[in-house]
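Okay, so chain A shows up in both of these, paired with chain B first and chain C after.
Let's look at the complex of A and B:
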């Protein structure tokens, strides 16, 4: 573990330098991450106000707080690897990565974390501004707030491994746009991005329990908002650990097969 | 040294399966149901060994299988058959200790990060390869001096010229002091001065560190300056493995005779002396079988009014071209004496 420390430091340093180069592109990405949840926030707030101040178990304030929390969790866990992989295979950049004496996933993780830290400088004030503007009120319990940290880290890692695995489909076909799009739609429904999962029909909720997506986004949001019981928390942590382990194994498996395939058709 | 080759490959083979289909819409639809494929032998059971500290030129026309071989040796490709070990490792297992001890430089691939200064790529390389500070500083200084990088290190890669970039590319690839170097066209696209500098650098590096070098190049000047030994492959097969000087004797046993005549050519029948390959005012160039050199020059001097006559070995370019213009001929294939360590 400690052996990786200087390598990660090197990656952070480089990725920060690169990001300073691409300030504008970075801001546009960031804007996307802010606008999407903000859009849902505004829509659901309007619906709630028109329905007399609540939809299902969610009050207008609950919606506001929910989508602001979703913005933070989404920002904390999102990756762009599924778009990048195709490019790196097509341009031969992957060969350069393969020659290095380290698994290529490490530079991606470091890149991602570097981006998150840098953009926190914009994300933080944005969240505060939105909370003030929509007059959000939020009273978390101390223990859920403490639990949020490991929950978010697990969510980040499991999402990273799964999306990194999915990105490797690029070893078999370079036309992965359709697949990416399908993934986004499925995530939108089952992760709680579109609406709190409890507002969905029972069957969608049960399906969401069995899929990884809710544990990537919805669950950390609920923990942050203090909408979980200790039992929920334990179940959620268990599910996260399970999906993280599964994601890790799937990643290893696909990576091995992918490398063989890459090596077979010519690097 | 002779007993323990650094690179040892034995009947190494790479077959690519490529999709094929005829032109046209119907063929495109048919290929949805049934794919036609064809096997291409990119590397066909080649064997050779390279001893520690050797610089070997790896020659062949485009598509001969050179790059495929280098990719197998650097762990990017899995072979279809045969064996290979480099420094005792099987390259395609991509053992990290192996990756730390070798380097592959390819003309078009870059390790340099496009948007940041070269020195920052160096820093990243240092972290990834875990180069200790005590080794890193002298390595940077040495490479900076040998490749004259002083003014380039602070510039972002995108602001460098092709030649400057190549120098920095090579420097990056050598920061961790690899003991095996695979260089694929390290001088491609560079001007003559830059080519010469890189050549001199490779020799220096080889002498200082005792590194083993396998390099491909289209520039014969590179090969002549760097490699005593060459390995020639064509259509994936090994055609020749031995001393560069022996290559000409082996595959193109000719001499080139240039004759300057005092009174011009006057339509004299020159073909009787040898193959006429060039002719200009009062000056002819003939290609003569090596064994006939003495008798033909004797006749030329006796029968024509010669002002000047020179006999030369054919340029290595011509020799190579001669090799490649012929289909693989088992009779000229491998000079096994040099395949040491078997």
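Let's look at the complex of A and C:
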């Protein structure tokens, strides 16, 4: 475990330096992650105001806080690996990564975390500005706030392992655009990005129970909002650990099959 | 006449080029279908809990979705690929080949790359729009249809002119592809009527990135809620932006001196 510390420190340094070269592009990529939750925030806030101040168990203020929290959790856990992997394989960059005596997922994790820290400088003020503008009031209980930290870390890791696994489809086909988009659409409906899951029809909710996505976004958001009981929290943590472990195993399995299949271009 | 033939030629080249990648058709179809799922699914969930959204009824928002796909398809089929190629050309100096051709450079640049499979978006938009119109049916006369067509055309021209102006900046700043990413991020907000957004965001979506004119305005024409002022304003803006972008293009082209010269 501690053996990784200097390695990660090195990765952080290089990735931060690299990203600083492309700082404008970095900021521009953030925009989509801000617009989308903001859009749903405005819509549900409008619906709630029209319905006399609440929809389901969510008040107007709850919607505002929900989507601002969703913006943060979504930003904190998202990855772009599904787009990067294709380039890596097509351009033969993957060969270099294979030569290194360390699993390539580590440099990706470090890259991702580095990016998140760098963009915090924009995401932080954005969140505060939106909270101020929409007059959000949020009074978290101390224990849910404390629980949010491990929940978010688990959500980040499980999402990372699953999306890294999905990205490896690029070993078999380089036409991944439609698949990536399908993945995004599925997460939109089953992770609570579009609306709190309890507002969906019963059948969508039951399906969401069987899928990993709600534990990536919806659950951390609900914890941050303090909308869980201690029992919900334990169940959620259990589900997250289960999906993390499953994601880890799937990743190992696909990775082994993938590198057997990989043949560098130009070799 | 000459330019129609020119366009037909580029269209033929586009078709021939993309016929080599027939699988792309299916991929485009899947992508458009997924986009439609998001749009309709979002509508369904929202209208499960309310009858109107900011004064818009469900079938009116369905018309908005149709318009959104129609203009979006136009952007993805012609505007974006052509402008992307233009920016690449500026960077690599290959724009010289376009400029030396005996036709108007702005026209050439604007239609030089056509991704026909993206027309799937338009194909999807038509039945959506049709169903919406059918359900709005009773109150849609000949005049409304004409107004709708005019606003749709104006919206398309505004988006085109806007995109051309952004692309023209490539003459000075070379690397501007990221501007397209900004546009497409803002574009998704056009799936909903801009009137529901808070004033500052509405201003951004109307004047900074003119999404509202291409989506909300035509959709409000079809649902009979457009005011004379906004109709005249939209047409006037379309004409003004067309002229300004034309002027800006000429300034840019005069500035351009080739990548290696």
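Annotations
Going forward, the second predicted complex is superposed on the first by the 262 of 267 C-alpha atoms of A that agree within 3 Å, B and C clash if a C-alpha of one lies under 4 Å from a C-alpha of the other, contacts with A are read in each partner's own complex, and residues count from 1 in each chain.
Methods note: a residue touches a chain if its C-beta (ideal position, glycine included) is under 8 Å from a C-beta of that chain, and two chains touch if they have at least 3 such contacts.
Note that the structure is a prediction, hence the values are computed from the model and not measured.
Looking at the shared chain after the overlay, A:55 reaches chain C, while chain B stays out of its contact range. In the superposed model, A:175 makes contact with chain C only, not with chain B. When the shared chain is aligned, chain B comes close enough to touch A:9, but chain C does not. In the superposed pair of complexes, A:21 makes contact with chain B only, with no contact to chain C. Applying the stated contact rule after C-alpha superposition, one finds that A:201 touches chain C and leaves chain B untouched. Counted by residues of chain A touched, the larger count belongs to C, out of chain B and chain C.
By the touch criterion stated above, A:124 is placed in contact with neither chain B nor chain C. Residue contacts after overlaying the shared chain place A:95 against chain B, while chain C stays out of touching range. The residues of chain A shared by its contacts with chain B and with chain C come to none at all.
Looking at the complex, you find that chain A touches chain B at residues 3, 6-7, 9-11, 13-14, 17-18, 21-22, 92, 95-96, 98-102, 260, 263-267. Only residues 23, 27, 30-31, 34-35, 37-38, 41-42, 45-46, 48-50, 52-54, 178, 181-182, 184-186, 188-189, 191-192, 196-198, 201 of chain C touch chain A when the two sit together in their complex.
Residue ranges of chain A in contact with chain C, taken from their complex: 24-25, 28-29, 31-32, 35-36, 38-39, 42-44, 46-47, 50-51, 55-56, 133, 175, 177-178, 181-182, 185, 188-189, 194-195, 199-201. Chain contact summary for the complex, chain B toward chain A: residues 16, 68, 71, 74-78, 92, 94, 96-97, 99-100, 103-104, 108-111, 113, 115-116, 120, 123-124, 126-130.
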